[in-house]
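The following blocks contain the structures, represented as structure tokens.
Both of the next two complexes hold chain A, though its partner changes from chain B to chain C.
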Partner chain A sequence: MLHDQQPLATDQQPPAPNLSLMTARLYDPLLKVYRNYTARVFLQAIITIWVVMTLTFVLVRLMPGNPVDVLVEQILTAEGISYQEAYDRIAASFNIDKDATPLDQYLQWLGDLLRLDLGTSITSPGTKVIDEIARFLPWTVFAVGTGLLISFVLGIFAGMPMAYYRGSKLDHILSFFSSFSTGVPNYIWGLLIIIGPGISWRWFDIGALRGTYDVGLTPGVNAEFILSALEHAALPVFTYIIAILGTWMLSMKSSTTGVLNEDYVNVAEARGLKERTVISSYVGRNAALPLFTQLTISIGFVLSSGVVVEEIFVYWGIGHLLFQSITVRDYTTLQGVVLLLTAVIVFSNLFADLTYGLLDPRVRVSGEK
Partner chain B sequence: MFRRILLLSALLCALGMLAFAPVQAQGDTLSVAWPYQVPPTGHFNTFASGGIVLGQYQDLHEPPLAVLMWATGEYAGMVAEEFGWDADGNYVIKIAEGNSWSDGSPMTADDAMATFNIFRLRGDAVWANMTGIEKVDDSTVKFVMSAPSSLTERIILTTNLRPASVFGDIADRAAMMSPDDDGWNGLLQELTEFRPESPVSGGPYTILPDTITEARLMLELNPGGFAGDIQNFDMVQMWNGETEVVTPLVANAELHYITHGIPPTTEEDFANRGIDIVRSGMNNGPGLYVNHAVYPLNLVEVRQAIAYAIDRVQNGFVSLGESGVAVEFMTGMSDGLSEAWLGDDMLDALNTYDHDMMKAEELLMSVGFSRDDSGNWVDDNGDALAFELTFPQEFADWSAAAENATAQLNDFGFDITARGVQFQQHPQDIYASNFEMAIRNWGLGDPIPGRSYLQAYNRYNGQGELAGEGGGAGMNFDNNISFSGGMINVFDVSNASSQGTDASAQAELVSQLAISYNELLPAIPLWERYTNNALNRNFISVPDSSDSVFANFGGGADNWMTYLILTGVTAPADM
Partner chain C sequence: MAGSPMLKLLVSLPLDLLRGLYRFVHRLSTNKPGFVGFLGLLLYFFVTFIMPDFVEFDNEPKLDQIAGPIGSRIQLAVHRDNPQWDSLEALAGKTVGVVDQTGGPSFIEPWRDTLAIEKYRWTSRRQGPGIPAALTDLANKEIDGLLIFSKTVNQVIVEQEDAELRQLFQDNVIISNSTLGPPHLLGTDTQGRDIASHMVHGGQILILTALIGGVIATMIALFFGSLSALAGGFIDKFFTALANLFLAIPQFILLVVLAGIIRFDSTLYLGVIIGLLIWPALLRAIRAQVLSLRERDFVEAARSLGLSMNHIIFREILPNMSSYVLINLIFSITIAMYFQIGLVVLGLAPISDYTWGVMIYFGRSRGTLYNPDGASMALSPVLAIALFQVCLVLFARAVEEVFDPRLRSAG
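And then the complex of A and B:
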């Protein structure tokens, strides 16, 4: 057919480009990347973060009010000045570029981000967002991370006997506690701790335990500071433990119940192995395996789970920075914190995906077959 | 495994034991509270956003030039030992000698020059009536006025002085430039990004940078600073946080005085614990605003009927307990300002719109309205008096005021639907005229009466453009009004009433504003908010609540507590 015919080559004409070859050269490497499971999920993670960040950029600007309005409202009645005075003062102290369009701001922010620059705070001009994050992040990682790990370990040890002796009084008591612990949000636990032992029974001085360390100490690697940091973290950590513990206990109970019915457990018992050996080596390890995946994913939510608890105990971490930046509409700080939270959640999921095969050799990812 | 469990238990026990720390000794420490941000967000540039200013407690580290005594209307000199108008209509202040900043530099006229030149760089309102500032000698400064103004006088005298040793360089460069110069915006940016390494105090106390945590910071005595030699406390402990954060500390007697607004139930709990509640008028409160472009809310008879139909005493009490005090004179300014500026005869002549359903009914019938078969009102077109009343849903007291006003008006035969709006969106809706009825604030926490009208005649009536998002005509009230005293532009008169220095001329203008507002009710004031400062007299000694100093506004400039500290009156209770 005519349309299938190739044009005649002449000496004057350059050789026709081999489009299929060019296409193959261009796309083959991309195809290889795409076929590589690790590279593919990594690329997906980057795209996810970009989409979330772009949405965040748009959404925060659609929120009612802006940084100037928020502070104007705050000082209007507090200082008894007119709206005009308040507006002039705040607008000047922010030194905002009023001519920059949202698109300009987006492109500027994206460009800065490629240089790993999160910009400067709007409400505290000159203060780098990365410095703010560096100031608050360690405390959240420490407190929530400690709470998460302790509750995880306790949950595993408490969940196993619940499954072993299911239907017993011990199971009923621990199951009730687990359900109660899971059902009550962490901030309610925090309030109960403040109101009960703190105010009503005066077991401790709630004021002295506020903050991340004692007044007058300089952060550093020394016993006084470390002890002070531990002391101040005690209540938030205890709150996180109580609030998360039930989830791990119930998960471990469920997982252990499943493992107890496995043939290899019956065989181990039939071989006359000691009960302790069966519990730890045959049941415990296999039952805990799914929980490790859950733990890895939970790490991603560590940073954002303590917003209210941090406010209750005045234990300021990244949750406080997030809360504060939303309250005063500090767009750049808010974007920086959301970027951090998104990246941690996305990459912890990625980490769980990639490492599960290492923990459990029975599992193989399809892309790696 | 057992060993692991043992180790884990030991760790938990250690954490638990550490938590039960002993109560810290208080000593001669004044324990108060104000929210602030910790470094790096918080910093020591008190001219820039994010600065650790500490609200009214700024007076303790950056002292004011003077404090207005609200009971007498007279200024009490602080850092400024002499002040007043000269023969040319300029304002002159003389800085008291013998005080020094915590960095060792003496407190002089240079500090005032630096402070006000930075204000000029920022575009502060104090420069609206000023053309320049001159250093007369080491302690005297002259503010050159384009027009004398009692408002400008107030702004000057309530200014907190800053050290020239810190801000002098930027201030001097600002003084050499004009806003049209190329480097002006760059200098402004330099100011906002300027971060002094440490705080420099000229007041009786100075912030200790090493003590700043998110929980609290400490201020130590600054003997060389203003009033540093007459203090009764060695330290000031400044707790950080808003109402919900500081409330447990007050209940636990760790915090002895707060200016935070607290709900009536908390008040009751504090009272049961022996904590005193101190109330001062704030010259402002919630009012019922109407959109004058919506018929028939533009009819004065309808607004007057609404005023009669709402029991303001009930509305105030259910909203804020004893701190919600019903407005009596309905002049657009507080009752305290009305009594101070209007003579007895004029006060007697005002309509106080006492709760009276019959009068409300007569007013509506006078414009042809009637009740339908179910007893609800319909206007002269036969349309029901059905409106939406919006309010900022996060403000508990305003929400209660809205719900109560709605219930009362519906009982009277209106058909009002109350709707809460996110608190930052709500003012934008008002600016944009996107409302029918709304709860917003009337008045201003300021003793100059003309400024009380800025909300109704300016902010919520066309100044929305300034707010950026919701530019619009606001409540659509025509500021050119006709009343029993003639025709005036109320916005112009409210501005003019704070100009000049002739009190009798100002009073004449204020009376025009008051009477016209009372007759027309462009917005309906519901109640005045009084402070409910929690004061634990077991720890702090201040005069009895009957003292005239408590007439001073409890927050912002002229705060009675900081005045009593600066004058050496506030002391530990056991002294």
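And then the complex of A and C:
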């Protein structure tokens, strides 16, 4: 995995001989960057993000209908004015330059991005995209993060006994559960929660749990607000937990099964160490290591798959913003959200790549052979 | 004479296939959950591909059966003095009332000659003058029976705002037969249409779409994955980089954006798009598998025997991957299912075909999801999808466990 640790040889072979000296000089630092693992991974991440950005830019402009048309339709029926009148009025209120070609828009957008400026929303002028994202993202991060962490911990504790007592009744029951957990889509779990406990058994009032906190409360550090926020997040979080738990259980099971066959576990048992010590310090820790990488990688996946869940629970997170911006064709917001989600995925993968060697020294050793 | 080898083949091929199938099922039966999953999939196949030929799609809106609960049936209301009139036969020669735009008129059609039919007009959504007027006539013995849906009778009687009318109905009207007409096994939707018939017809396209998505993704992954593992070098680097690039894009979100661009004329077309989106993870898995198989002893042996590359690929490596490919195919079908139904639930996919996903979409948008009586409209497809996915996963796990313990431990 990490074939980077090879020391950079000073007498690397020079670039192809037919190149002139000048190109060789230009080429050399690039080559050096390429040979450095960390730099290379960073470079790849940046390129990936750029490709996705460009792709989104193109795709978004290929969408049929544009924000002006969407609104023109609305006021045409409402106010009964001529199309041109409506068009001019909407176009004037929008924050767009009608004459800019897509290429101009693209270059402008790239330039703004370099200054970390995601632009302003097309459909609600004056609202900065970054502010919109900052308004919606924390809720998603909160819900997804809590769900992911709780399911991770539960999965580790449920997966170990599955490996220890392979083939037992416990293993069968937990495996069966994990099939449900992994197979059933998360939004289907959400719908089941709404229909079962929510509507048929009336354990809680679904209608009151819409949004991210009770209407009328001011966000801030006070007990009422925090309690309300927790209440509203409970159902999405619970859905995420159920839907991801099975994956962690199975990963932990197969990881533990592998570790149980290792010599050092046999040795530890032969040394007469307490079973609890062997389980926690020898088996558990080693088995959980590869799962941390999976955890970082899955962040992006869960973030993006939460769109439907948020829509079902009417939980106002980033998925809600994305869905809204698609319906009204708010190009800039849409681009901003997709860019952000991609960046999260790319950087969480990057983080996993870079930290795995730190977490698990064996990887470094095996990479060096 | 020349026909005899041909004949032999004709006889032996189906036999071999049957024997193979028998062995497959036999070995699968050692894994109980997997066998259950397998039987479940067969059941799904039967319900969604064969039953639509026998069950008609109920497309006739009937106002009095709005979101009826499970097992709802048409009922016969008569005057309290005549409880013996408990069937349409018993009412021969009498006058029976029906309300238009409800299940009544079509139900009473076969008895048109023996009964006098009094038609009432349905006007408002719930308590229009239609049904109260009919019930008033019934209470005053102007008609002898009234065909109506149970839920509506209750609503009209119990929720009647006019106290005098309510008293009149409660004193005079009884239900003499509550099991007229075919039972709606899964209740009715917001338009009084039979949900069970929608369930039978709504799965085929979904399953086909998921299958198309899964097969396309698996084929791409299988071809380019094994190509890059076997060829190595630049090709390997290129496809790995491409797969990594695709993996970094939030795929479901890309699909959501794409759904805004491409007008999916057909749901099946959606399957192709999904297939083109979900191959990268699969490609990596298959590439890793081929890489590991390539180092196995039997491949080494074939290579040292000087057998051709074609032989090694098609005779040594691919057959040993068949169950692995099957497992990956099944998992990509579950992903394709996830993607397409997610899109439909968001309302971004075509709703021209009345699939399980569209039922959920309407169940949400028309509010039956939030009504315990009408929950069946959303609950039935939700359960159907959930169980289908579970069957797939159980089956895939069983294939993994029963047919390929070696691959699993190597992976």
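Throughout what follows, the second predicted complex is superposed on the first by the 305 of 369 C-alpha atoms of A that agree within 3 Å, B and C clash if a C-alpha of one lies under 4 Å from a C-alpha of the other, contacts with A are read in each partner's own complex, and residues count from 1 in each chain.
One rule holds in what follows: a residue touches a chain if its C-beta (ideal position, glycine included) is under 8 Å from a C-beta of that chain, and two chains touch if they have at least 3 such contacts.
Because the structure is a prediction, the values reported are computed rather than measured.
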Task: Touching partner for A:Leu260 - first (chain B), second (chain C), both, neither - done: neither
Open item on the list: Going by the contact rule set out at the top, does A:Pro64 touch chain B (first), chain C (second), both, or neither?
Closed with: both
TODO: Using the touch definition from the top, say if A:Ile206 reaches chain B (first), chain C (second), both or neither.
DONE: both
Task: chain A: partner with more touched residues, chain B or chain C - done: B
Open item on the list: One more residue to check, A:Thr48. First (chain B), second (chain C), both or neither?
Closed with: second
- [ ] Based on the superposed arrangement, let me know which partner A:Ser280 touches: chain B (first), chain C (second), both, or neither?
- [x] first
Open item on the list: Which partner chains sit in contact with A:Ile130 here, chain B, chain C, both or neither? Use first/second/both/neither.
Closed with: neither
Open item on the list: Contact-wise, after the overlay, does A:Phe176 reach chain B, chain C, both or neither (first, second, both, neither)?
Closed with: second
Open item on the list: Contact-wise, after the overlay, does A:Ile194 reach chain B, chain C, both or neither (first, second, both, neither)?
Closed with: both
Open item on the list: Which partner chains sit in contact with A:Glu311 here, chain B, chain C, both or neither? Use first/second/both/neither.
Closed with: both
Open item on the list: Counting contacts the way the document defines them, which residues of chain A are shared by the two interfaces, the one with chain B and the one with chain C?
Closed with: 63-64, 194-195, 199, 206-207, 311, 329
Open item on the list: Quick check: in the complex, which residue numbers of chain A touch chain B?
Closed with: 63-66, 68-73, 77-85, 87-90, 92-95, 121, 123-128, 131-132, 135, 150, 153-154, 157, 194-195, 198-199, 202-216, 218, 227, 230-231, 233-235, 237-238, 276, 280, 311, 314-316, 320, 324, 329
Open item on the list: Which stretch or stretches of chain A touch chain C in the complex?
Closed with: 44, 48-49, 51-52, 55-56, 59-60, 62-64, 172, 175-176, 179-180, 182-185, 187-188, 191-192, 194-195, 199-200, 206-207, 300-301, 303-305, 307-308, 311-312, 322-323, 326, 329, 334, 338, 341-342, 345-346, 349
- [ ] Sort out for me which residues of chain C touch chain A in the complex.
- [x] 33, 241, 244-245, 248-254, 256-258, 260-261, 263, 334, 337-338, 341-342, 345-346, 348, 360, 364, 369-372, 375, 378-379, 382-383, 385-386, 389-390, 392-394, 397
- [ ] Show which residues of chain B lie in contact with chain A when the two form their complex.
- [x] 1, 5, 8, 11-12, 14-16, 18-24, 37-43, 47-50, 55, 121-125, 185, 188-189, 191-195, 208, 210-211, 213-218, 239-241, 245, 248-249, 251-252, 254-255, 282-284, 422, 424-425, 427-428, 441, 444-446, 451, 454-455, 458-459, 463, 466-469, 553, 555-557
